[in-house]
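In structure tokens below, several structures.
Each of the next two complexes has chain A plus one other chain: chain B in the first, chain C in the second.
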Partner chain A sequence: MKENDQPILSVRDLRVSFATEEGLVRAVDGVSFDVRRGQILGIVGESGSGKSVTNLAIMGLIPMPPGRIDGGRVLFCGKEILGVPEAEKRKLRGDRISMIFQDPMTSLNPFLRISLQLTEVLELHKRISRKKARRHAIAMLDLVGIPDAAERIDDYPHQFSGGMRQRVMIAMSLLCEPELLIADEPTTALDVTIQAQILELLKKIRDELGTSIVFITHDLGVVAGICDETLVMYAGKILEKGSTRSLFASPSQPYTRGLLRSVPRLDLGRKEELTPIRGNPPYLLDRSPGCPFLPRCDFAVDKCGEEFPPRRQVAKNHDVWCWVEMEGSAG
Partner chain B sequence: MVRFMIRRLLAAIPVLWIIVTATFFLMRLAPGGPFDKERRVSPEVEANLRTKYCLDCPLWQQYLTYLGPLNLNPGQGGVKAFGGDGSRPWSGILTGDFGPSFKYANRSVGSIIAEGFPVSIHLGGMALLFAIIMGMVPGLVAALRQNTAWDYGSMSAAMLGVSIPNFVLGPLLVLVFSLTLYWLPPARWDGPRYWILPTITLGAIYAAYIARLTRGGMLEVVRQDFVRTARAKGLPESLILWRHTLRGGLLPVISFLGPATARLLTGSIVVEKIFLVPGLGRYFIDGAINRDYTLVLGVVLFYSSMLIMLNLVVDILYGFLDPRVTYD
Partner chain C sequence: MSLEASQSAARTKDVLLDVQGLKKHFPITQGILFQREVGRVHAVDGVSFQIRRGETLGLVGESGCGKSTTGRTLLQLHRPTEGKVLYEGQDLASLTQRQLRPIRRRMQMIFQDPYASLNPRMTVSSIISEPIRTYGLLRGPTVHARAAELMEVVGLNPRQVRLYPHEFSGGQRQRIGIARALAADPDFIVCDEPISALDVSIQAQILNLLADLQKQFGLTYLFIAHDLAAVRHISDRIAVMYLGKIVEIADSEKLYKEPRHPYTQALISAVPIPDPEVEATRQRIVLEGDVPSPRNPPKGCRFKTRCSYRFGRCDEEPLLQLVEEDHFAACWLEKTDEGKGASGT
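So, the complex of A and B:
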């Protein structure tokens, strides 16, 4: 993992909005980040913060209408992929970039055997025969830990448990050996032990296949476990990003601190009280020019309402967007 | 699967029995009798017929006679039904004999059904085809081009189709295409040109329903997560439609088609009457008006069996389309 390698994915000033009945919802509002090769990047944030929309935009899967890409660039291996024709995006999707979704119960087609759902990806992108694709698919099911893969491949999705279905989804997304895997809350719908197994699997995939992974979650505990870098999103904006180690050691945004304080942490013992962040997630419709977290922030100064803060570096590979300079670790 | 079918067929027996019983007694509740309408026969002849058809026996005896090969008619070897010569005793529906018609002398209900049913099937089959094509195509287009002129256009047409009853549509079509434009014959069943108007009249409302069900079903499926997964895999839209959405989207149509097929194939009472089509439906009406007890009962029984059979076929088809359905 060389630091100076060209990032596998670069997102620059991405803006996505939705036309709804109440008005224009700016779901993603000027988001920039890089994913380096072989890295696992975590994106955290509360529900509605724009995590999924960001990644659907990368995949070119924003439903339009009501959605609209208002601007920005997405570079995959240095090549712009945002504005390219649908046919070209289709060639990338499922082949070089793939995505798995939150709910394994509904993400597989209930009417089709998983064998077909798996092999169709290979037939499409690699142009190999169904028989060969089938052998490949069985090997992949094996790799993601599905017992008796050779027999189970002809089952229907409802014959698998939730965790097994997510494994099938992961196998499906890996068939073409993509360079980038986007995992949108892949463990949220699963119970804790299964969740840990899936996380282990994703780490193994990164280590053995070298796949770069974008891991979306609202669970900071999960982020600490597997992500090299972490990005904190709020109301369509990035408020803090950096190496996971640095971000957890010295969270520099009140929102990040709030998030950290609202999850139980083993390393701090029991002294620390769990405190939820007060207030509700933001209303994306009427946007003030300032920081979207302002109404819920305990540290706000006048400036916060006037202008969104510029990037400020707090450490090597650790940036924050906040007017207030916080001291010490708030853990 | 075989067990499921056997179970369903066994379950149909009590259902059919209830239908027969209810129809039998309801018919008798209606005032009048088979010989009231046409008082052409002399009282002696009528009395003769009455004994012959056992209409003067107590009701329960008539009922049992109708049901099965029970010799409850004293002095005769069962009820003699045919031609007055007693050559073929009526042995009851349990033996598969629907009995004689009261109105059409010398004809059995079975032979009337055998004559009317092919015509009804012909008309119904064409109407079904018309309904499927004219329903699914606009329904699909409307779903795939949601909120466009295509969508609004076909859904308005479907709304219209659902709300115009066929006894209005039939005469309307006749008025326009036969009496004004002279393009098509207004009635009878003598060749392809005669088939068009009855087919449209009968099929229109079904086409409208199918269009709405197709659109609704497709829109329901298109927003499912697994369709997004299919897109994320890079599949082209045509393959997504063909392989991933059509099947689920058409399930509502399939379940509608079961009873619809039964209704269409057994003949439409109204349409056959309007266009003078010699199908089962017309016999049914005439039978009801003439209190032709056995004919009405026979047609009802036939119709119910068809309905039960076709619903079973739909359930089996459903299982093929949706693997989550099990037959236990």
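So, the complex of A and C:
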């Protein structure tokens, strides 16, 4: 089918900057990727690498000023959504695209019963009766594993535990059965046993409802467990992207390699010493024309400081941005 | 953390800290003028364990299970509600603040949040040398020389001593916190989530630094974290906490390879492995429900509300018992009769 081949989301050369007191921060600096239907795409990268800003831009939620979209295109089902009027964007948000934020309390109103917050979304977007909306909301709470959903729906957010609030948030974001779900570190604040529950839930939603998911995290283990494809971001740029299997089996950017080597693994024998990435995270204000990872890279050549490398394919569905072709990529 | 250190510790069983039946409850009060107690948070509810000289004891468990409270109560930053903390045989819980003072120097803490734990108006040099002045360890210009030296020890550039905390990255700030702890010349350091606020690419740097310092200065650590892979990497032994109780303690390899308590098993199986091939074939124990509230913990075994092995006996509280050499677990599955000795799994 033609329609299914078209990516649900295409981002092309997206550029977002913020005017700050210290200077212009190029938070997202030429980012391109596709999300295919029914796919879970992971975005990893350190704090400040531009993961959230990328997705806020997709959702049309960049605060302007200080933010500014400097360029690029965002196509949702083939249609440009970057410059559309606010009213139209609002219609997309929550209906066809929705977002789960890292801290559930930022999107739940502490003073309102969750029943009201859930049914409001439905009434707004789907124009169905309150009674029907309530029934639907209870079914959704049930799906995300809230016990006694029919009773708990009338509780206030603070009456739920952190993990349950996150599930309420997921239920809310799924109410209108969006085609695309953007989950910004949905499990970072949660314990591992609760994280395992939420990850199972997201996989189930993808499998049963066919929802496409963008999953932002800094946990490589989570990416390995849930994402079909992975983007590695650093200082506003994508340094590597590909199928999760290929990327983990043969990381081809020194940063990706360094990350994978630096984390201790519970399933392998214990190492005497870890292999960290040297140096400090990048400072976004001093921007050289070259590769932002250069100051911490052990493989750098002269060219790395002069120009950001073009895309280079290392395998089918696996691209890297690096001047240096590393040998023995596997491992 | 070194092998020799752990082996010699195991051989001599040279105990630095012996914690016996430690409890810390926080009162929940109501009323404005007349505060009355309406309940208690059973944050730490009767834990016993030992920390051997030169070793790292890891402490893991989910949010709110009482890890930080345990660490703080050991250091007497919270006075215990009940129980003993024997430091080289002396019960700290029975000492007055004044009597504690000389011992306080020997026990330091490194915090989770390198941003919040450093005074933004002090230079790095004064932050690091604060314990030196507080405990009168050095005087005059040698104080600043020592601060510069400590910066070097933790991998910072000593020429940056006059800078302020905001001029450093998160990982560098954590190094400042570590240098400050070292300045007191301690024997024992409670590391409370020292890497969880840091970027993945920086976490390994700090773990390596802590391990190096331990070797260099013969330090003993209580390493608190929820990242089981990091804890297992740095710890000789690991204690697993659940709702104010320790449910299992073992050598860190043992604990990972042969966990006895159903909670430990679930916790280990929930840790994601950064390898898609492994993740694709892994069997995961997904626990039902949430951790109950420490205000009103379940009677008997506290894990019973989420445990799939639960049976009648679990309404009584299982005690931490020896299941094999150097391996303790608190679960009725281990032993259904009162006889001594370990049963297999």
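Basically, the second predicted complex is superposed on the first by the 312 of 331 C-alpha atoms of A that agree within 3 Å, B and C clash if a C-alpha of one lies under 4 Å from a C-alpha of the other, contacts with A are read in each partner's own complex, and residues count from 1 in each chain.
Everything below uses one rule, namely that contacts are C-beta pairs under 8 Å (C-beta built on N, C-alpha and C of every residue); 3 or more make two chains touch, one makes a residue touch a chain.
Computed from a predicted structure; not experimentally measured.
Visitor: After the overlay on chain A, what do you see for chain B versus chain C, clash or fit?
Guide: These partners fit in the superposed model.
Visitor: Looking at the overlay, what does A:P147 touch: chain B (first), chain C (second), both, or neither?
Guide: In the superposition, A:P147 touches chain C alone.
Visitor: Contacts for A:I277 in the overlay, against chain B (first) and chain C (second): which applies, first, second, both or neither?
Guide: Second partner only.
Visitor: Once the structures are superposed on A, label A:M172 by its partner contacts, choosing first (chain B), second (chain C), both or neither.
Guide: After superposition on chain A, A:M172 lies in contact with chain B alone.
Visitor: Determine, under the contact definition given at the top, whether A:T54 touches first (chain B), second (chain C), both, or neither.
Guide: The answer is neither, since A:T54 touches no partner chain.
Visitor: Kindly classify A:T211 by the partners it touches after superposition: chain B alone (first), chain C alone (second), both, or neither?
Guide: It touches nothing on chain B or chain C.
Visitor: Given Cα centres, how many degrees, to the nearest 10, is the angle at chain A formed with chain B and chain C?
Guide: 70
Visitor: In the overlay, answer first, second, both or neither for which of chain B and chain C A:E200 touches.
Guide: second
Visitor: May I ask you to name which of chain B and chain C touches more residues of chain A?
Guide: Of chain B and chain C, C contacts more residues of chain A.
Visitor: Counting only touches as set out at the top, which of chain B and chain C does A:G221 meet: first, second, both, neither?
Guide: Touch status of A:G221: second partner only.
Visitor: Taking the superposed arrangement, what is the smallest distance in Å from a C-alpha atom of chain B to one of chain C?
Guide: The answer for the closest chain B-chain C C-alpha pair is 5 Å.
Visitor: Show which residues of chain A both chain B and chain C reach, each in its own complex.
Guide: Touching chain B in the first complex and chain C in the second, no residue of chain A appears in both lists.
Visitor: Under the stated contact criterion, what part of chain B meets chain A in this complex?
Guide: Going through chain B, the ones touching chain A are 224-226, 228-236, 239, 243-244, 247-248, 321-324.
Visitor: Applying the document's contact rule, which stretches of chain C touch chain A when the two form their complex?
Guide: Touching chain A: residues 62-63, 169-172, 199-205, 207-208, 211, 226, 228-230, 232-233, 252-253, 256, 266-279, 284, 286-287, 289-291 of chain C.
Visitor: Given the complex with chain C, which residues does chain A contribute to the contact?
Guide: Contact set of chain A toward chain C: 46-47, 147, 161-164, 191-197, 199-200, 218-225, 244-245, 248-249, 255, 258-260, 262-267, 270-271, 273-278, 280-281, 296.
Visitor: Please output the residues of chain A touching chain B within their complex, sorted ascending.
Guide: The contact residues of chain A facing chain B are 59, 61, 90-95, 98-99, 101, 103, 106-113, 116, 120-121, 124-125, 156, 158, 169, 172.
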